[in-house]
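Labels A, B and C are assigned to the chains in the order they are written; within every chain, residues are numbered from 1.
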Amino acid sequence: MTHDERAITRRQFVGRAALAAGGLTLGGGFLAACSSGHAEASDSAGASANTVRISNWPLYVDSLTPQRFEQRTGIRVRYTEDVADNNAYFAKIADPLAHGQSIDRDIVVLTDWMVHRLIRLGDCAPLDDTLFPNKAALVDDLRDVAFDPGRRYSMPWMSGMTGLAYDRTQTGRDLTSFADLLDPAFRGRVTMQTEMRDTLSLIMLHLGIAPERATEADVAAACTVVTTYRTNGQIRAFTGTDYADDLAEGNVAIAIGWSGDVAGLAGDNPNLRFAVPSEGGLLFSDCMFVPVTSHRMPQAMAWMNYVYRPEVSARIVEATRYISPVKGTAEALAKTDPALAADWLVNPGPALRARLHQFRPLSDDEERRYTEMFYQAMGV
Amino acid sequence: MSAAPGAGAAGAHWPGRALDAAAGLVLLYLFLPIFVVVAYSFNEPAGKFNFVWHAFSLDAWAHPFRYPALVEAMKLSLAVAAVATAVATVFGTLVALALTKYRFRGSAAVSGLLILPLVVPEVVLGSSLLSLFLQAGAPTGFGTIVIAHVMFCTSYVAITVRARLRGFDWTLEEAAMDLGATPLRVALRVTLPLIAPGVAAAALLSFALSLDDFIITLFNAGTQVTYPLYVYGARRAAFPPQINVVATGILVVSLLALGGTVVWQRRRLRA
Amino acid sequence: MSVVTAPARAAAGRANRRAFAPWLLVAPGALWLVVFCVVPVATLVRTSFGAAGAAWWDGYARAFTQYGGHLARSFGYSAVATAIALALGYPLAYVIAFRSGRLRNFLLGLVALPLFVTFLVRTFAWKTILNDNGTLVRILGVVHLLPAEGRLLDTVWAVIGGLVYNFLPFMILPIYASLEKIDGRLVEAAQDLYCSGRRAFLKVVLPLSLPGVFAGTLLTFIPAAGDFINAELLGGPNQQMIGSVVQTRFLVVRDYPLAAALSIVLMLIILAFVLVYTRFMGTEDLA
C-alpha cells in the first residue's frame, strides 16, 4: 500500500469517526440542553408564583427538608447549591441587583459580613415578620447583631465557631491558646484562613484587642503578625476550606478552622480536635436574606418559618454538623442522636458562647482598605 | 510500506527503545492523576471529604445521582460544550479556510485577532466580558457562558485547523470546478472531506476546552453552575466520591468512543 | 468554441467571487471576536486609568512597584514549566507520529483524554499524590532525594509540576500535528544520502517540526503565566502568581483600576514576548 493510499484511508476513517463523535456530542448535548430547558419551562409555567428559589452553599442542608417543606406548604422548592464563595457570588449578583434586575432567587445564604455589605447596598428586602412566627425561636446572642439590629433583613441559617482545628497526634498535646499556632515547634505545619475576619480576629484577640472595636491601626498590627509568620515559614498556607483535607491527610498540624468541618472530619479520624483559644474565638453565621427583586416574600417567609422549627433544624444539624440558630434544637436532636446533641461542637454551652466574638461591621471603604492590607500580608 | 523515520537507522535499536520507554513514561505521567481519580471513586470516605483512603466501596457507583446539583451541573456543562463547539467549529473553520486559501488585505489583522484570546489571561477575559454584559444589561447565565466559550473556542479551532491546512492543495478545488462542479458541490464533496480530520481534531479540542473551563465561566455564569464550578464549590462543605464517579464516567465514555473508532478503523482496513 | 471559453468564463466568475469570499468566510468568527474579546479588553484599558483621586498611571505604578515580584515569579514559573513540558512532550509526540503504527490514533486519544477530566479534579488528584504521607514522598525520603522532614506540596516544584501536567497535552498535540505532516520519504532520502538517524532527525525532522514547537510552547507558556489555580492548590503563600493577585483584586478587594492595570501589564508583557519569540523563530504568521 502506498503512502498516499494509506493516507486517504486514514483520512476517511478519521473523518467518519469525527462525524460519529460530533453526532454523539451534538446529540448528547442537545438532549441535555433539551432536558434542562424542559425543566426550566415546566418550572416557570407550572410553578408560577408559588415557588421559592433558594441559593445555598453545597451540602448545607439534609436530603429531606426541601421535599418535606413542599409537602407541608404546597410551595415548590427550587434549591440550588451554587454559592461557592462569598466574593464570587457577590460579583455575580451585585450589578443585576443594583439595576433592579431579578437574580432568579428568593433566598440566598451568604456569610454574615457579606450579607452586611448587601444590606448596606440596599439589596436586601425587609423581612415580613407577620409571616414568620418562628422568628422568636432565634437564639438570643444572634438576635441583635451589630450589622442587622433586630434582624430586619437577615436570619441565620447555620452558625459555626472559628478556632484552632488540630491533629492531636502531631501536636502531642491539647491546644489551649492561639500562641500554640505560633509555636516554632510547628514551623511549616500551620495554616491560617484566607477569610480576613477569621484570621485577624483570632490574632487581635491574641494581641489583647477586641475585634468588636478594632481600629485601622489594630488591623495593621494584626497584618504585620501575618506577614512575619508567613515570611519566616511558620505558616505553610492560607486556606479557604481546603485546610480540612490538609488536616485529614496529615500535611498540617494546626489550622484556623471551623467547628462544623472538624465535626465532619472526626468520623474519619478521631485524633482531629477543635479548640476555641483561651483568648477567645469567633462566632460566624451564614445568613439567609431575601433579594430586593424577589417579590415572593410569603414563600420565602414560609421557608424560613419551616427551617426554624427545632425538629427541622435538628435534621439539618445532623447532616451538616454546624450549630443551629434555633432554640430547642438540642432537645429535638437528643431524641434522634443523643451523642451528637451532647457534642459541644454542635451545641456549645453558654460559657463557651460567652468567649466567642464577632468582627465589627465595616464600611465599604474600610473593607476595601483592610482587605487589601490583608491580602498583601498573605503574599497575594 | 515506507519505513518510519528513525526505525530504519542502521543498528540503532537503543535510541529507538529508549525513546519508546521515555514516551511510555510520559504517558504514564499523564495518567497517574487519572488513576487516582478513578481509584478514589471506589473509596468510602468516613467523613465528608474524599481525600483519605478509607475503605473500598461501590456505594458511590450505586448512587451516582445522589447529589442533584452535581447532575445538573454536569448536564449544563455538556450542553454548553455541545453548543459552543458546534458554533465555534463552524466559525473557526471558515476563518481558517479564508486565511489559508486567500490573500486579502485584512488577513494580518484577522490573524492578530485570533491570537487575542490566547494572549489575554483568562482572568482578564472573564472579568472584562462580565463588565461588558452588565453594561449591555444582558443577564448572565447559559447564554453568556456560551458566548464566552464560543469566543475562545473559535480561536483554538481556527488556529488548529489553520496549522493543519498548511500545504493543502487548493488546486483540487479548481480542478473540480473546471470539471463543472458548482462551488457548493466542491465545498461539500471535495474540500470538506479532505479537511475533516483537521476540523474533527479542532472540534475535539474545543469540546474539551469548554467542558474544562473554570476561570472565564466563573465570571460569566450568573447563577448557573457548571461542573468545574460545582467541584470548586463542593470543597467548602464536602467533596463526595460522586465527583470522582462523574469524572470517571466521562472518561469511560470517551474511552469507549476512542475504542469504537479503533475497531471501526480495523474493520474499514479489512474491507 | 464553447469548450474554450467556458473555463475562461468560469475563471472570471471565480475571480469575482474570490474578492468577496474571504470576507464572507471571516465575518462571523471575526465579528464575534471583535465584540466579545476586543471591546471588553478596550473597556478594561479604560478602567485601568480610572483610579479615584490619583493620577492615571497610578494603577500601573503600583502594579510594578508592589507586584513586580509576582510578575517575575509568574513568568519564571511558566518559562520553566514550558521548558519541561517541551522536554517531556516532544519525545512522546515523536513516538506517536513515527513509531506507533496502528496505535497512532489510539495514543493520540490517550493524550487528549486527561483533558476530559476537569482541570480542578486533576489538580486535586495531585494534592493526593504529593501528600506528605503519601507513597511518593515516602519513596523519595527513603531514597534521600528529599530531606527527612521535607514535603512536596506547598513548594515551588509542586506548582511547576502542576503547570507542566495541566498544559502538557497542549504541548504534545501541536508538535504531533507538525511531525505528522512530515513526508517520511524526506527522511528516507536523507538516510539514502548516508545520514545517521540522529543527523536525519536534526537536519530534517526537527526543523520541519518547528511550527508545532512554536505553537505548543505558546499554548503552554501563555495560559501558564496567567494561571492561579495550580499555585493556589499546590503552592504555599510565597509561591503565589500574578493571576491570584488579579483575581482577588477584582473579586475580593474590588480595586478595579489596580486590577485592570495588572491585567493589562500581564497582557502586554506576554504580547511583547510573543513578538520577540516570533521574530526569533522566523515564522511570519503568528498562528
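As a working rule, a contact is a pair of C-beta atoms (placed from the backbone, for glycine too) under 8 Å apart; a residue touches a chain by one contact, two chains touch by 3 or more.
Bear in mind the structure is a predicted one, so any value in this text is a computation, not a measurement.
*Asks:* What chain is the most remote from chain B, judged by the mean position of CA atoms in each chain?
*Replies:* A
*Asks:* In terms of C-beta pairs in contact, which of A-C and B-C ranks higher?
*Replies:* It is B-C, judged by the count of C-beta pairs in contact.
*Asks:* Go ahead and note the Å separation of the Cα centroids belonging to chain A and chain B.
*Replies:* For chain A versus chain B, the centre distance works out to 33 Å.
*Asks:* Report, in whole Å, the distance between the mean C-alpha point of chain A and the mean C-alpha point of chain C.
*Replies:* Result: the chain centres lie 35 Å from each other.
*Asks:* Centroid from C-alpha atoms only, then distance chain B to chain C, rounded to Å. What do you get?
*Replies:* The computed centroid separation for chain B versus chain C comes out at 15 Å.
*Asks:* Among the residues of chain B, which are close enough to touch at least two other chains?
*Replies:* Chain B, residues with two or more chain partners: 2, 51, 201, 204, 232, 239, 261, 265.
*Asks:* Find every residue in chain C that makes contact with two or more other chains and list them.
*Replies:* 105, 127-128, 184-185, 250
*Asks:* Which positions in chain A are in touch with at least two other chains?
*Replies:* Each of 3, 14, 88, 91, 242, 245, 249 in chain A touches at least two other chains.
*Asks:* Of all residues in chain C, which touch chain B in the complex?
*Replies:* Touch residues, chain C against chain B: 7, 10, 14, 17-18, 21-23, 25-26, 28-30, 32-34, 36-41, 43-44, 47, 88-89, 91-92, 94-96, 98-99, 101-102, 105-107, 109-122, 124-129, 165, 168-169, 173-174, 177-178, 181-182, 184-185, 187-188, 191, 196-198, 200-201, 204-205, 211-212, 215, 218-219, 222-223, 225-229, 243, 246-247, 250, 259, 263-264, 266-267, 270-271, 274, 285-287.
*Asks:* What residues of chain B sit close enough to touch chain C in their complex?
*Replies:* Residues 2-10, 12, 15-16, 19-20, 22-23, 26-27, 29-34, 36-37, 40, 51, 90-92, 94-95, 97-99, 101-102, 104, 106-107, 110-125, 127-129, 131-132, 135, 147-148, 150-151, 154-155, 158-160, 162-164, 166-167, 174, 177-178, 183, 201, 204-205, 208-209, 211-212, 214-215, 227-228, 231-232, 239, 243-244, 247, 250-251, 254-255, 258-259, 261-262, 265 of chain B touch chain C in their complex.
*Asks:* Considering the complex alone, what residue numbers of chain A touch chain C?
*Replies:* Within the complex, chain A contacts chain C at residues 3, 14, 87-88, 90-91, 188, 230-231, 235-238, 242, 245, 249-251, 368, 371-372, 375-376, 378-380.
*Asks:* Hey, which residues of chain B end up touching chain A in the complex?
*Replies:* 1-2, 45-49, 51-52, 54, 67, 69, 72, 75-76, 78-79, 81-83, 85-86, 130, 134, 137, 139-140, 193-194, 196-197, 199-201, 203-204, 207, 218-219, 221-225, 229-230, 232-240, 257, 260-261, 264-265, 268-269
*Asks:* What part of chain C is in contact with chain A in the complex they form?
*Replies:* Going through chain C, the ones touching chain A are 66, 105, 127-128, 131-134, 149, 151, 153-154, 183-185, 233, 236-238, 240, 244-245, 248-255.
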